[in-house]
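Shared between the two complexes below is chain A, which pairs with chain B and chain C, respectively.
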Partner chain A sequence: MSSASSATPTSDAAIRAGIDRSLRHPVMFFLTSGAAWLAVSILLAITASIKVHCPTFLDGCGFVDFGRVFPAHINTLIYGWGFQSGFGVLIWLMARMSRQECRSAGTILAAGHVWNLGVLLGTLGILCGEGSGMPWMEFPRFAWPVLLLSYIAIVVWSFIQFRVRAGERTFVAQWYLLGAMMWFPWLSITANTLLFCVPGHPVMAAGINAWFKSGLVFLFFVPSALGAAYYLAPKLTGRPIPSHTLARLGFWSLAVVAPWAGMQKLAGAPLPVFLPYVGAAATALLAVPLLIAALNLLRTIFSSEEKLPKCAPMSFTLAGLVSMLVLAATAVLFNLPGSSLWKVQFSLSGYGFDMLAVYGVFGFMMFAAVYFMVPRLTNCEWRYPRLINMHFFFSVYGIGAIVVGAMIGGYVHGSAAEAWLQPWEYVVDTLRPFAAVSTFAWCVILFANVFFFLHLALMWLRPDRLLAACKAKTEDRVAQSQQTEDPQSTTP
Partner chain B sequence: MSAPSQQPDLENSVPAVASPPPVEREKSIPESGSEPISLRTTVICGAVLILGGLIAGYSGNQFSYASLFRDGYVRERPPGAKITPPAPKKALDAYMARGKKIFEGKCITCHGPEAKGNGVTYPSLVGSPWALGETERFSLIVLNGLAGAVSDGKTYGVMTPQGIGMTPEDLAGIMTYVRNHFGNTKGDVVTVEMARNAMKASAARKNAGQLMSAGELADHVRNLEGKEVKPDDMVDPLTFAPVAVAAAPSAVPVAPPAETAPATGTAPAPDAAPPVPAPGAP
Partner chain C sequence: MDPTRDNPIIRFNTFWWALWAFFAFAIVLAAIMIFNRAAPTNLEDAVAVARYQTQQTVAEAQAKALPAADIEAAIPEVAAKLAASKPVAVERPDQVVPESPTSKALIAEPALGPTTEPAPVPVPAPAPAPATEGTPAETDAPAPVNS
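Here is the complex of A and B:
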């Protein structure tokens, strides 16, 4: 960054510190409330998962029926944690790379609260049975305009910062971040208009919903993750991205291909034939931007013999890049002609794919960014490196178990469903071991993320500082009272 | 950079960062390199592109709207398995069930849930001579709508044509339903064959596409042609095709495969094994 400016290293560091200070509260708010939502979401995931292998669990309580808990889990994961940690990372990265202090922290904070309120009311709506029933859009209708407007109020400042950036240079990371910022409103407005405002044929509605879901993954979560990765990899290592051309190809192939993906979910449904097949082909082609980005970034990281910096952001970035390679491979494998698509189409595998993209790719990159940003934002080193270690390993093993379990389990599930002369109970029985694995893995992830939340809150609120301030005040008072008492004691 | 902030929570009297602080330990992002795209990357991406093309091509007739999904996408049944057709029903019940659906979708809005109309704009169908009388006249009203006076000489509102999108099965169902429900007890079944003839007659009208009138209806006072079906005859509840009584034995959960049936030496293989006992089964 300093290479782009003529500032001396000291004043450059001062500019960065100023940017960090201007964004401290909005970004820490998003990261901390996001982490809290993540814990809530995982708790809901555990409930939903237990209900698969042990259906009598919490029986008779309508609020926690599988049909309500599962969508509540997904929606809090997406809109409670995913988007909020995305916001935190996105506005900070944009400000840093545009070298602009944030001048609207108050507005962003207020909009962040509105967003949280929307998510909270939406989640309660789902739990009360008012959900819309469309995957990833289950919040009742009222939530969507609220979320969209607060979204705009949160990210519009980053656009402005980009417009008035210092210098002409743009970073690869900025392309992806700009893309993510612009594509979500497009997806949201299109899907909401076609599904809620002017609903058409219900089969087409299911298709549009599948398109929206795929769009969120590949046009919001993946570009946000890549934005963070394209920032962190060169930043942490100080090594250049080897090929600018390749980065550009990766960005534009994502931008061109991703909007076509999604409708493969409806293969075999009475839609025009080309829609699901174009969706399947586009999803497979998405392996190109994913592979290009992952290879380019891995080559950045491993371009020199020097030892890599051993730090949490680095480990999480690497984990995210590995997830990205796996995501690319699954995107192709699940859609190959005559492949397992028809077996896994309506099975558990889709959940594995979603979790791989949301927690594996996006989540790990966000954690990497969080571990990089927070010491700068709060001017405080991470207190408990062991918690970070635990967060890393529990997340990697946990999500690995969930993804592998769901993908294999989904195949078994789908194959069992093919034996349609068997009662459905037989199909459910085949799922039981996989659901048990998933429950256990989510418990592990929950454990790590509860501490992640506490750690973040500790960094933001800094109770030690409050204590020190209190102590200083008390000492002052004691000193004062001693001063006032002293004369009395000497003049009896 | 701006002056040090005055906000109290930004004051760091307690040292919390190592020296130098994180912001000074950062490396700068170097300019991206200008390596060309390597052969390896090209090959990998090319392979993915080819696979993508295969997937797109696999659908066969991509832009044909004639069939909605790829041939063969809907699976064949596993070997040895039988599809159990729906249990046969008494003809009158089967037609009435279809008619009820159509009535509740189309007719109920004007003629009301009791088919009594409202006496002002919508006439009653209960006991109506045109509904209960000759079937061709009735069918043409349903298909083409009606303007002007009706059977009781009064003029109500205009009835819009209802035939659009109706199959012969639907027409037969709705006519049978009206003739045998709401206190009407005609007791006969308007069959699919008759409904087909009604549609032919409707298409053959001189002023096809216009509303019917009492005058024109006078030329159609006859019953539709077609083989009669007795109310108690057994039919398939979906296609209304007659089902021979012998083919509807008592319930067998899963029929044995046809090729093994003769070997068992029992009666002719029960091809149509209903999962529930037929309503009319003795």
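Here is the complex of A and C:
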């Protein structure tokens, strides 16, 4: 990626250092609290998954019913980890590419705390039985204005940085990041107004909810992931993006097609019949922008004549791109009306698809960005490379097992549900082995992510520096007290 | 970098433009909802008119068949009868809980006193089957022997 700035390398390095300094605490706050929420979410996922194959587990506690734990897991994953890691990466990338220091770090940090409070209260609301019952929107009503206002207070400064950026040209990564920043308020305001403020027909509410969920994946998570990937791939390989035309085609096809997707979830429901079919067609068509972006980025990475750098950002970027190719294939395979759609519509496959998008594509790209950004923000290299390797392999293994298990299991599950002569117990029995695999895989991911969180917290808080400062202070005090006790000792 | 591009006025304007852009969606949505309040005229609504009429007819017929005033008038009489009647314990051996003291007492009772079992009722002989032509109906009885 070429620099848009006409500054000399030395002054450009000084600008970058200034940007990193100005954003250190907001970005590290978002990344660390996001990692903490991720650990909480995985813990809830393990509980929910165990309850599928062992229903008597914790059956005496009403607040950890499957109907509460599962939505709590999904919502903490999305709003606790997904959005917060997205904020951290988004505001840092936009500042870096615009070559603008952040002048509102305090406001962003305060808004970040409000966001966390909203997520915490929303999660407690779900566990106390006050959830709305709409997938991915289960937080009680009071949480949505809080989240929307804090979102605006966090990202509005990135618009200003983009507007007053150095140089005229824009980067591909900036298109995607701007798109993600703009599209989320559209989704949030529209869905929340139509569902909570002026509710209409309940069937249409289910349709709006399905549209919101799909929009969140393809209009916030996927563009954020692509923004990070379009920044990291050229940075890590030192090669420019091979085709800007393809990149432009990928961006605009995503922007045009993605808002139509989502309603295929309600195929067969009493809705205008074209809506589910348009949703299925749009989701299948989304394979085009995903394939374009993935192939453009893979060409960037593999066009380098030098050996690829073996580092965590590169590994996670490649894993994210492979997940994107799988997501593109799945978007087509699972949305064929008349064949697969009926079987996977209400099955475990939906969960596999969501995890592939949120964790496989978005999560891996965010991990890549985190491993790239944090040494620059803290001015310190990662301390335990083994932990990073472990995080990578366990995450890839875990999410691979969950996605493959959920997708195959979902197809089996859906086929069993269609066999209506069988008792429903038979359908439940088909799910058990896949749920057991999912439990084990989440345990593996939890193990890796607890260490990821601790590693991140260590990088931010730098206990060694704090200890050194404390030690220096103590030594100063000891020296001063010795001087006051024995003032003659310093005299020759 | 263009030095005139980054100044407080541009930053201030951009801030408000960004806020406007965020809430423009809400404004457009509100406009659509305000100007799109016509009553729905689809097939479902046309059929619903007839269904509501039927529901009203049924409700009126029910109200005529059982007027509320008659019910109110009957209440004192029925209530007095109910209050005067005394509840009587129902003794049905088939509803006794197995292994309970009552059950054991009932089992022990025949051994102590004379039998209370009713005499067996003679079973009437089965009527001869009507002679039918064609294939005989399948039964568990053995096939007739030709002599």
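As a convention for this text, the second predicted complex is superposed on the first by the 476 of 492 C-alpha atoms of A that agree within 3 Å, B and C clash if a C-alpha of one lies under 4 Å from a C-alpha of the other, contacts with A are read in each partner's own complex, and residues count from 1 in each chain.
As a working rule, a residue touches a chain if its C-beta (ideal position, glycine included) is under 8 Å from a C-beta of that chain, and two chains touch if they have at least 3 such contacts.
Computed from a predicted structure; not experimentally measured.
Taken together in the superposed arrangement on chain A, chain B and chain C clash.
Of the two partner chains placed around the shared chain by superposition, chain C is the only one that A:G167 touches, whereas chain B remains out of contact.
In the superposition on chain A, A:A282 makes contact with chain B only, not with chain C. By the touch criterion stated above, A:S85 is placed in contact with neither chain B nor chain C.
Once the two complexes are laid over each other on the shared chain, residue contacts for A:S41 go to neither chain B nor chain C.
When the shared chain is aligned, no partner comes close enough to touch A:T32: not chain B, not chain C. Of the two partner chains placed around the shared chain by superposition, chain C is the only one that A:T193 touches, whereas chain B remains out of contact.
Touched residues of chain A were counted for both chain B and chain C, and B has more of them. Of the two partner chains placed by superposition, only chain C is touched by A:M182; chain B is not. With both structures placed on the common chain, the touch criterion links A:V156 to chain C but leaves chain B unconnected. After superposition on chain A, the stretch of chain C that runs into chain B among 2-10, 38-46 or 56-64 is 56-64.
Comparing the two interfaces of chain A, the one with chain B and the one with chain C have no residue in common. Within the complex, the chain C residues that touch chain A are 1, 5-6, 10-11, 14-15, 17-19, 21-23, 25-26, 29, 33.
Within the complex, the chain B residues that touch chain A are 1-2, 5, 9-10, 12-14, 16-18, 21-24, 26-37, 41, 44-45, 48-49, 51-65, 67-70, 73-75, 78, 81, 254. Only residues 1-4, 11, 13-18, 20-21, 24, 101, 169, 171-172, 231, 234-247, 249, 267-274, 276-278, 280-282, 284-285, 287-288, 291-292, 295, 332, 335-338, 342, 375-376, 378-381, 418-421, 462, 464-465, 468-469, 472 of chain A touch chain B when the two sit together in their complex. Of all residues in chain A, only 5-7, 99-100, 152, 156, 159-160, 163-164, 166-167, 182, 185-186, 189-190, 193-194, 198 touch chain C in the complex they form.
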